[in-house]
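The following pair of complexes shares a single chain, chain A, combined with chain B in the former and chain C in the latter.
Up next is the complex of A and B:
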């Protein structure tokens, strides 16, 4: 195996290791601790769930720009229902169902009506975002209307005992993210459904001519992405014990970036869920480490963007060299 | 001294030679025919002239001076004008803008488009073809296909003082034209010849070529085989030159006569451009479909595969009514399909071989129809790969890493994965090397032994005669006649495709 092949295969992982080493060296006391890592997993659990859902549509070569506003809307829907006194189970159910339906609408627009995913989901982004503002009256829903049981969920977790004299626990949000990742892994890697999605991404015409029900699968895939966005919105609402019509807006670009980072790790440039997990971790670690180093948040944005560009550029450049 | 001479032109795509030893000379003031069967290399040669494809080797001389054609722009500057087979128009813009596509627009004050001059010049180009019923300001989308072709043609006759036209290359220019329109084009071409210009003319319409052209160069298997004056050559000589070798040796012998029992019964089927068509097919029989390109072969196959809605008619498969609404329905009913475009329609090049092979039978090759069983799947794919004599490093190798012939075997393995009752083949050996071709023919024969019925669409006449029991000749969107393949001559079959029965 030549150095070029190694770099192409493992370049992103090596970069990740370098980032870890850098923070470990500069933050010797706080970075490489169980507490910090559990904190990181909790911080990025929402992004993890959305990126997992995004992976499903990106396997087919599509993407969904509406996940951020779908997450915001689902938080608002939950907040409004809570304020109206509905029980938690019903509220959560309605919010998740809403995400599923919104995603299915994306699917219908893309596969049955034939609108480009960029246009369809961009329009959906605007609609869902507007709906979130209308429902909430543009205000943050918080305080007494959010039941304590709902917001306590995000603060709870499974106790893992004492590490270095400090009590640590596996946060519930991290567990949710792990469950979602596992479910998407089973779906994409272990089922005929996932295989067919990869077939569509490989060659949509050949898949169709091989009997794959392309339209139906696309619809289901978009619906699942919408569902994951709604779940992330609920997680966010639970974590901050409030709902705000813009609180999911950062998720979409980061989720797409995470999947892209993951794609640089595959020989064929195909999205894989476990690679997406690495992509999310890279983004999460960067955010965590740079914050601890007190790097200004705007400079942080510039750095994160530059690193994404670097990884994707290096990957496509090394692929071009091979020809 | 010739106006244009090409020698030693060679071009290989990924190691597969498309052109070897090609020589062509064109004189000033002649209409020169370029003849050959599909896949003989005419298109590649034209692309080299157009600067679209870079040859591996080529000695090109214009007026005796060595020349290279590095880009379409250079070809244009040399005075070459092209009318391509697939006419590409932009429907959303005006006729005049289409005529000026890729050319410099006339300007006012150096920056603003001079629309008046643009439309007037485009009008002149149309008038050269005697076209007065098309307004240059009209939107392209509002024209009929025939009129669109006329517009494309006239763009070649746009007068350009900076780069005067010297050679017109016309690839099937009359395919979408009426007789009157064709005649008008011929008058223009003859005028060009009288004025000292040259035309390289490609057409499958032999009569047209013989009446119009001064000389002909015939290509076969990527090489030029002969050049001669049209006056010295007969129709039959020309066909013989194009076909070249004898059929027979390259095909495995049919061991048994077709088994009894009707596999497929098609009654008055119409779909798309396909007009009312009837035929039946016995188990174990191979029915060939011959015809000039675009005679309805593709529509027939696509309708039988559920990709093109059946407008009317009935189809019976193994005694049961068969009316597929999607390829998925077709696979379920036991109909398999090897599409014409292997890379764009047949394969997922970036996926492993086994995923390609099992895709159509994934439901059966999984646990409860839902959960993948990769190991069993790979065993299943390996067995099928052995059946089709696939040469690969294993079922996990990527399909895109295989040679053209082995890629086609993967497509065949997929088609055979469900033991279909009916196998639809659309140009199954196009771009496949000789060795793999024989393997593919053997696979087809083996399958018919087991009672599978096969429909074989091909533009390779020896292949049809060598492989089929009967051959249906399609003309103008319908089956014109069905003839037994045994003892059929290639020239006879070609003549039938052209609609002329040999004396």
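Up next is the complex of A and C:
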């Protein structure tokens, strides 16, 4: 393996290791601890779920800009139903179904009507966000309307015993994220459905000619992305014990960034779910570590952007060297 | 080697802090304080934070200001991070019920959290804010003085929002205590368009129903928007010469401008944002020295804005 190949395959991973090493050295007592890592996984759980869903459509070379407003809307739907006194199981079910339907509409627009994903999902972003404002009247739904059982979910977890006299638990939100990542891994890596999505991403014409039901698969893929966005919206609502019509908006760009970061790790430059997980971890570890180092929150944003550019540039530069 | 050194230094510092805090009550030189808010873009929040930092600089604290740019869940995440980092105190400027998960983490680690105009919560050591009741008392008192305790008053209230509801209730009490004052109407404007336009429409109707000069002595509004709407209605009806006294609360820029002109809009009340930031810093100083704030809410005095000081 030449240095160029090594850099291309493992450049981002090496970068991640360097970031970890940097924080470990500078925060010797608090960074590389079980407690901190459980915190990080909990903080990242919502982004992880959205990014996992985003990976499904990006495998086909598409993307979905509406995930952030889909997440906000599902939180608002849940909040409105809670305020009307519906039970948790029904509320969660309706919100998830809403996400699935919203995603399916994206799928229809892209695959059956033939609108570019950028345009179709941008329009859906606006529609879903508007719907969230209409349903909530622009207000934050909080306080007594949100059942305690629902908000306690995000605060609970499976006890792991005591570390240094402090009770440590595996947070419920982390468990949800792990389950979603595992499901997407099975779907993309272990089923014909997943292989066909990769075939569509590789060459849509060839996939179509060899009998892949391109339209139907795209529809299903977009519906699953919408479902994951709705799940993340519920996780967010549970964590903040409230619903606000804009609270999911930060998730979309970060999810796409995480998938892009992950793509720099695969040989053919295609999205892989486990690589997406590394991408999400890079973003989350930066937030966690830089906060602990008291680095200005605005500098943090600049750094995150620079790291994405660096990773993608290194990956495409080493690809050019190969030619 | 470096790590060992810094660890030792930290250990020493901790021991010293414990001794100093116990002995003299003075805060240790490099106390770490995190200020976390999603609302840094709001002018009020900027004023709090700047005033907080000014006090913190005097006290020699290491202050880390974190802006999550509107993301409330990220506030919880950053609280968890700074708790893990082992800061000495945390200051938040966000609805505490929405970040209760983070506040609980801080409580479990025995790190005090002070609210800077955040809302009251048992998980906060104290919440530093303006006294809405006192603001209403000030403007209602101003109205009573100006009209000599006699005449008809129109009230603009909004009982659906608790912080504004208490203002209206206080004004009710003060007007009821003056036998010469009659509350002509107690209006709740539709605020979906900001409140000015509908308040103006409602005031138009009140003016039409009371055409006699002197039949309306004053308009008391629970916040500035209805006061501005009422002013527009009075000017449109050509009745600005009757000496109708209008008061608002909040002293927003538009209200200040009107008050400065010296017209019917005679007074409003300004919250002291810098004072809230400074008082939050003092609360933190007390906590670092081992004294908990006396009350769950710490009120910062407000200031009546009239023609004389509106331009400031």
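General remarks:
The working rule: the second predicted complex is superposed on the first by the 323 of 323 C-alpha atoms of A that agree within 3 Å, B and C clash if a C-alpha of one lies under 4 Å from a C-alpha of the other, contacts with A are read in each partner's own complex, and residues count from 1 in each chain.
Here is the rule we go by: a contact is a pair of C-beta atoms (placed from the backbone, for glycine too) under 8 Å apart; a residue touches a chain by one contact, two chains touch by 3 or more.
Bear in mind that the values here come from a model prediction, so they are computed numbers and not experimental data.
Using the contact criterion defined above for the overlaid structures, shared-chain residue A:198 touches chain B, although it does not reach chain C. Of the two partner chains placed by the overlay, only chain B lies in contact with A:211; chain C stays clear of it. Once the two structures are overlaid, the count of chain A residues touched is higher for C than for its counterpart among chain B and chain C. With both structures placed on the common chain, the touch criterion links A:268 to chain B but leaves chain C unconnected.
By the touch criterion defined above, A:190 lies against chain B but remains apart from chain C after alignment on the C-alpha atoms of chain A. In the overlay built on the shared chain, the residue A:145 is in contact with neither chain B nor chain C.
In the superposition on chain A, no chain A position is in contact with chain B in one complex as well as with chain C in the other. Within the complex formed with chain C, the residues of chain A that make contact are 25, 27-30, 33, 35-36, 39, 42-43, 46, 140, 142-143, 151, 154-155, 166, 236, 239-242, 244, 246-247, 249-250, 287-288, 291-292, 294, 296-298. Remark: chain B residues 305, 307, 326-328, 330-332, 337, 339, 344-351, 355, 359-360, 362-363, 366, 369-372, 398, 414 touch chain A in the complex. Residue ranges on chain A touching chain B, taken from their complex, read 189-196, 198-199, 202-203, 205-213, 268, 270. Residues 3, 6-7, 10, 32, 62, 64-74, 76-78, 80-82, 84-86, 95, 97-101, 104, 108 of chain C are the ones that touch chain A when the two sit in their complex.
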